[in-house]
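The following pair of complexes shares a single chain, chain A, combined with chain B in the former and chain C in the latter.
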Partner chain A sequence: MAGSLIKITSASTTSNVSTIDIGGANWDSSYDVYMVKLYNLEQSGTTDVRLKARILKSDNSADSTANYDYAYKGLRTGAGFDNLADTNQTEFTNLTYLFRGSTSYGANAIFYLFNFNNASEYNFITVEGNGYGYDGSELMGAMGGGVHTVAQVGKGLQFSLTTDSISNAYIDLYGLKK
Partner chain B sequence: MATLEEFQAECRSELQALRDGDGIFKQVNNERLPISDDDFEQMIVDCANGKFDQQENGYKKARLAEYPSYGEQLDYIYHNGLEAWKTDIIQPIKEAHPKPESP
Partner chain C sequence: MAGSLELVKKATVSSSVATSSVTDCFNDNYSVYKVVARNIVTSAEAFLRLQFINSSDSIITSADYCWADLFLKANTSYVDRKNTNDNYIYDFNLSKGTISGGAGNTVAYIFNPTNASSFTFLTWQASSIYDSTFSFGQKGIGVLKQASDITGMHFVMDSSATFTGEFIIYGVK
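So, the complex of A and B:
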């Protein structure tokens, strides 16, 4: 159906930042499901990194408590599938598996957010992302999901990298029209 | 082998130098802002945890990334046998990424 994705807010950078928040003060709580589109993600350094995310709480700060569980299938052109899973972490990680981002490659991903406006339910996300990683010559991706095992309202995501700064990224937040 | 506290001190020094130099910024929607003191302390925690995890578990991730696919390994076993698989495929990767010794 045309017009079902309603753009709420955007975040972008073309210079180094440690984190990028999407949502927070710009969060619109009138949707049941949200989509986050992240593209042209690049890093400040030259070694492989992993994309991470934390849930933004009702005060717009990132929740860094050890309540993040995730499970993805890691996809690679150079080897077999890898199982990427962990529990009670302080963030979601491996969101596009490994990538090495320069101007010629980098990472892209789509996330769906569920239950973010329900204070009595856990926050869930689904993940599908990929990037050019490992040694800079292999497509790697992740597909799966995660849950933040705290019953609280979420107001978006805060993205960062395992090492390095984010040097380039474009992020859009959409609500799925009911 | 460094302790978590030693990594925290190392990260604090590295990040403080960065903050004192070009500064450290965050992007909040479309606003670029200097990080707060709370953000800075969280960066130190994250940096130290990352380095500690890399020290303790980095070899597992590196080995996982380098092992060939199951299909390639099974084919190698079929043609060359289990001993050759161990010495030619597995052992070089394990030696390239050794498990850290306990202190």
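So, the complex of A and C:
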């Protein structure tokens, strides 16, 4: 029997880039729900940074309007957990954490995307991700959801970091068969 | 069209035991795995703890596990739990199988297990019953702070409890 998690496209980098897109021109609108797998995410510098994302619009450009709302639980091993929530932002931020650029550390995350092909509905996402090495030795991650409060078609995500470039990343986009 | 969620291994623990290993469930064909631990029936309210097995078939028992999870309790405040240098991913599942119908369940993603240049990361979510009849959920993150080639998992009950259950491992191609 054929499976129901269908790989649509992949994106990767092993050199420094400020942003990396998944979907866009390679988006397949056949599905209602999508999954994005992100692993071995590393940054160019040695500062503690966070992963951000914007919705790719129907013209494959990133939507930078202040319509991103999100609420995550920031899990961490070195202190009490954080409530990471904000409204009317220009991107989803705090999606997960990435620390110190060590090849042994890195970050990983799984996203689900909802309603991206419905021009009458908002684009919703969920995230679960983590990274190791904050302040040298702390594990941190985020779990929660977000919405882009514009009723429009979305065609994927554009990832970036709070500072530094993305120096390494592997990203796969899947559709969940109807 | 072929799917990208591929069954790698299914292991059933049908007789109640204190520990159980699932060997050779990670390989170089995948970078990310989905692990389903279902129908976990425990002899007492107890944690099912996770350790990894390396490519030499040795269970990694050193204090190199770092984890954090949120207990979502139906009848009271949520609880933060964490440990920076543990011998297990302690909170992989918490179940109270002595309650009829109270089997617990966990779904996890495992990242980079066989990459000997990278730590092995995981995220997990769980749902079960605690304290008689209260719904209970978990959202967790963890890492094995060893750049090791990981090929399997070892499950260890705490509190001298035993368990039965099923582990299903998928590769996310």
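In this text, the second predicted complex is superposed on the first by the 170 of 178 C-alpha atoms of A that agree within 3 Å, B and C clash if a C-alpha of one lies under 4 Å from a C-alpha of the other, contacts with A are read in each partner's own complex, and residues count from 1 in each chain.
Here, a contact is a pair of C-beta atoms (placed from the backbone, for glycine too) under 8 Å apart; a residue touches a chain by one contact, two chains touch by 3 or more.
Not measured: the values here are computed from a predicted model.
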| item | value |
| --- | --- |
| Superposition on chain A - do chain B and chain C clash or fit | fit |
| Touching partner for A:G80 - first (chain B), second (chain C), both, neither | both |
| Touching partner for A:A119 - first (chain B), second (chain C), both, neither | neither |
| Touched partner set for A:A66, first chain B, second chain C, both or neither | neither |
| Touched partner set for A:G129, first chain B, second chain C, both or neither | second |
| Touching partner for A:T163 - first (chain B), second (chain C), both, neither | first |
| Which of chain B and chain C A:A11 touches, first, second, both or neither | first |
| Overlay on shared chain A, then closest C-alpha pair between chain B and chain C (Å) | 8 |
| Interface residues of chain A shared between complexes with chain B and chain C | 80 |
| Chain B residues touching chain A - in the complex, by the definition given at the top | 22, 24-30, 32, 35, 38-39, 42-43, 45-46, 49-50, 64-71 |
| Complex contact set, residues of chain A against chain C | 2-7, 37, 39-40, 73, 75-78, 80-81, 103-110, 128-130, 132, 137-141, 143, 170, 172, 174, 177 |
| Chain A residues touching chain B - in the complex, by the definition given at the top | 9-13, 15-26, 61-62, 64, 79-80, 82, 90-91, 98, 134, 160, 162-163, 165-166, 169 |
| Chain A contact footprint on chain C (complex, rising order) | 1-6, 31-32, 66-70, 80, 82-84, 109, 111-112, 115, 117-119, 121, 123, 125, 139-143, 145, 147, 172-173 |
